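Shared between the two complexes below is chain A, which has chain B as its partner in the first and chain C in the second.
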Partner chain A sequence: MADDQSAIAKRLETQIDIILITAIVFAIAGATAFVMAVTMGDWEYWVDWKDRRFWPLVPIGMLMVIPAALSSTFWVKFRLPFAFTAIVLCYSAVRWLSTYLNFHIFGGFPISFVWPSVYIPMAILVDCSLLITRSVFLTGLTGAFLWGALIYPANWPMLAAFHEPINYNGEMLTAADLLGYEYIRTSLPEYIRVVERSILRTFGDAVTPLTAVFAGFLCTVVFYLSWIIGAIVNDHRRWLKKV
Partner chain B sequence: MSTTTAELSVLNEEKTVAGAQRAGVNFTIYLSLLAGLIIVYSLHRLFLHANAHTVGLDYFEPEFQVWMNLFYVQIVVLPTLMAGIAYYLWRTRELNPDNVAPEVELSRYFSFIAWLSCYTLIVIFAGAVHGEADAAWHQVVIRDTDFTPTHVGLFYLLMPALIITGGGSYIFAKTRLPMHAKQHLLPLGVAIGGPILIMPNVGLNEWGHTFFYAEEMFGTPIHYGFAILGLALIALGGVVVHIVHRCKELVDIVSEREARQGV
Partner chain C sequence: MRSVDRLLTALICLLLVENAAAHGERAQQANTRMRTTHFYDVSMSPTNLRVGDTMKLTGRFRVSKFWPDHIPGVEDRVFLNIGSSGPNFVRTASTIDGVSMVQSTSLQTGRDYEFTMDLKARKTGRFHVHPVLNVLNTGTLVGGGRWITIEPGAQPFDNKVETMFGREVDLETYNLNVVYSWHLLWFLVGGAWLAYWFRRRPLLIPRYREVQSLEDAGEDPDQLITATDRKVAAGFVAVTLVLIIGGYQWAEARHPVTTPLRTAKVDVPEKPAPVSSIDVKLEEATYRIPGRSFQMTLTVDNHSNQVVEVGEFATANVRFINPSVQSVEPHDSHDLVAPQGLRVEGGPLTPGDSHVIKVFAEDALWETQRLTLLINDPDSIIVGLLFFYGPDGSREIVEVGGPMLPVFQ
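On to the complex of A and B.
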């Protein structure tokens, strides 16, 4: 009878797992894509927004919020150190679906102009940090820092060609800039493009490493804050008697 | 939508005598629900693709009536559906929540997860498939009208659908799950509150784009309020933990009974 009970329990638990994981996958994919779209969408959408000053800082900091908040539940409640990889994987799948359907097919932009950034390598690093150190504090110092610092090298194979300097009618600009001028976005004029805004625009020097280090520190802070918020919001023992 | 609501309510809802029937998920109904939603929203997306750039360019042109007809249908059907579902869930509520058999309660948790699955599936369509169609649309067709084809799908179809499925999840839990009968699970309230909480920002966005911000940069302060919809779903983690805890207890009881009765 004990064997029977065990088999029945296993069948029921497997069924619960299947439908619950389906709901979780839908939630993290849709929620992450939506939050990213309305907070830093343009840095993700357009290659000429993928600059060295804001793109390696703003999107990676924002993308930290949901994985870190849900990591607190995955890790503390279930001892599962793969929240970052799972969420970023779902997000990337939805982003590619949306990029192809909406920006390429519907909007008519070439894929080379609208490709999404790559985040999966950094997500694996954060999860591995948690798995190896088994410490939230150390994961914030190492994994979260690397998450912010490595976005540029992780995307460099795809991005390098677009940052080549071009002499265009006597003006120097990047290949990405030229694409942006050629594919006119009627609601996104040049004067609101938030790229490379600073006292000096240069093709060399220390712009990217400086941004990478700052992004690392920013992501460390966002990691801790999001973890704390996730732990508070996801306390399943919080019941209200009245609303 | 009609597929959703009709089938959600019957998902393993029979009040069976304890142990007389094997507990379990009815995957045929579960998958039919998700497939129904995917078909409805995919058809809407195909309609958008076929007609947005031809008869959807200007609200003031006569041919835009195609979109307004769709809009009128949606704003009549969806609130009616919402009221019908709420009424049905309330009329068929559990009158004796302290005396629900574990098998029935477990079946109701399966239905509850099905509600949440529908809610989160619509988040994907709202957040990416339709939401970013709106982003792409505004970059090739200047925003100059009160209604646009993408808004007809996003604001007047998907947002109400989110409220229906999110609110339905909450009412279902309150009216059928014993633990929820006399108290409110905070993470559930937060997780399904997102679509309602962004309503003020929908107004701000339309008002702002009309009066002071004609451009459509997506990551801009006028859009930040929308992020609440996605961020609220962080609280789904707490709902999942609650479901896992309670279902574990129920599975232990139900499996022991079924093994004893040889079902």
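On to the complex of A and C.
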């Protein structure tokens, strides 16, 4: 009798797992996709926005917020270090769905022009840092820093080919620039891209390493702030009473 | 059942719709359409083509000297573009005054510019295509449009270019195998990390209970993390870092020379404002709403050495034609030409002549192109191009503008 009840309880808890995790992860991934679309979508959509200065900084900083806040819940309440990977994996799936349906099928752009960035490896590093160090402070210094610093090298295997130079009617362009020029976007002119421009404030020609260090620092700060937001939300008894 | 049928029919109809009827060319305020850029002589040829064929788009535009002070002008950054429902063409070349317009440029007010674009047909369908100018901090200024029909070609569309290292690539599918492979690899690694945790079922509720009981007992819930968990995590860190570093090195070896994105601005040579041998002063402009009749009273000084008369008034891409001077018919259903739309009282102007003429521009296009909404705009300023023609067919273009007074009854 007791065995039967235990088996039923186990099955019920497994079903709750499936429903709860699916609902939470997909709802959060959908919310993440929406937040990313309205805050930094263009860096994600277009290959001619994936530059050395802003693309490795802004999207990765924005994408840190929701996984870090939810990671707080999963760590404090369950001691489970997979929130980053779960959300980023689902977000990546949503992005591919959007790329294929919205941009390729409906918009008519070639996928080579609109492929999404890779974030999964950095998410794994944050989750693993949390597990290995079991310290939020140290995870911010290691995992969150690597989350920001490694986006460029993690995506370079896919992106490098698009930065190969092409002689186009006597003018040097990258393949990414040429895609942006040839495939017509009526309301997205060349100048509107928020990408690296020639400025005097440089450190030699080390644009990418500098951006990586700054992105790492930014993501460390965003990680701590987002974790605190998650912790406040976790303390639901107190704020629900106030509401 | 019937409602389901209707829903499905509606969905299928939506999927089959290929034409875009408009691109917001009537959405902007009437006075800003009249006072920013005047496109003219816009030509597209051929208008029926097959996938892979090239269409030539040519034309001219004048940047209005009446450009509103409060709207950022063309002196900063401008990009010559196409108004179309998506990338139905690929743009293989574009110029302003012969200068390649791959990048953006800056222009001057009160000047005429000549533009060209080569567009290679990519997708089948019937599309309404416009030349447009994107102006930084202002928006998109739309020129006159044409319906273009693209039929299937003999070969599937490709877009091959050669890199500076002699590699021929098709931009339609460029590097896709690499993109797919890396994304798949990372999905597998990320999935493996999740699978490691989800192999324990049930997971959440027992884990929550364990954390709570340890906290209640004053113990550290971190002890739920096992040594195996840490070893597996260390393994994932190692694999991830090796893949990132290895992938970076592989890409560097495969593409040893890469360049950053191009953002330089190109220069179109500066030029003086067009010198006119005809001076035109707008004395009065009224629009009689009941009769859709626009009237201008103009003082015209003809300093040229030939007889001239007004053959056309063009504003906001609408062309009002004086049938006694020239015959112009619309190219298609959406070509904004009023072939009988212009009437001139005061006759031709002989050389040295100076007198007042009245120009009447009357057509339903005032309504359909929402130009009568000028009375709702904060600025009721009307601006357009007057085309004067000589007996030998020569043409002189004068921009005229000023306040417009509506007549309600």
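Following the convention adopted for this analysis, the second predicted complex is superposed on the first by the 230 of 243 C-alpha atoms of A that agree within 3 Å, B and C clash if a C-alpha of one lies under 4 Å from a C-alpha of the other, contacts with A are read in each partner's own complex, and residues count from 1 in each chain.
Operating definition for what follows: contacts are C-beta pairs under 8 Å (C-beta built on N, C-alpha and C of every residue); 3 or more make two chains touch, one makes a residue touch a chain.
Just so you know, these numbers come straight off a predicted model, no measurement behind them.
Residue contacts after overlaying the shared chain place A:Leu20 against chain B and chain C alike.
When both complexes are overlaid on chain A, the residue A:Glu171 reaches chain C alone and has no touch with chain B.
When the shared chain is aligned, chain B comes close enough to touch A:Leu97, but chain C does not. By the touch criterion defined above, A:Pro157 reaches chain C but does not reach chain B.
Contacts of A:Ser187 after superposition: both chain B and chain C are touched. By the touch criterion defined above, A:Leu179 lies against chain C but remains apart from chain B after alignment on the C-alpha atoms of chain A. By the touch criterion defined above, A:Asp235 lies against chain B but remains apart from chain C after alignment on the C-alpha atoms of chain A. Residue overlap on chain A between its contacts with chain B in one complex and with chain C in the other: 13, 16, 20, 77, 107-109, 185-187, 189, 192. The touching residues of chain C, when paired with chain A in their complex, are 23, 77, 79, 81-84, 86-93, 100, 102-104, 122-123, 132, 134, 136, 140, 159, 161-165, 167, 169, 171-176, 178-179, 182-183, 186-187, 189-191, 193-194, 197-198, 201-208, 210-211, 221-222, 224-225, 229-230, 233-234, 236-237, 240-241, 243-245, 247-248, 250-252, 254-255, 257-265.
Residues of chain A touching chain B in their complex: 1-2, 4-6, 8-9, 11-13, 15-16, 18-20, 22-24, 26-35, 37-43, 45, 58, 65-66, 69-70, 72-74, 77, 94-95, 97-99, 101-103, 105-109, 185-189, 192, 194, 229-230, 233-236, 238-241, 243. For chain A in complex with chain C, the touching residues are 10, 13-14, 16-17, 20-21, 48, 51-52, 77-82, 85-86, 88-89, 92-93, 96, 107-113, 115-116, 118, 120-121, 123-125, 127-129, 131-132, 134, 150, 153-154, 156-179, 181-187, 189-193, 195-198, 207.
Residue ranges on chain B touching chain A, taken from their complex, read 23-25, 27, 30, 34, 45, 48-49, 52, 106, 109-110, 113-114, 116-117, 120-129, 131-133, 135-143, 182-187, 189-190, 214-219, 223-224, 226-227, 229-231, 233-245, 247-248, 251-252, 254-256, 258-260, 262.
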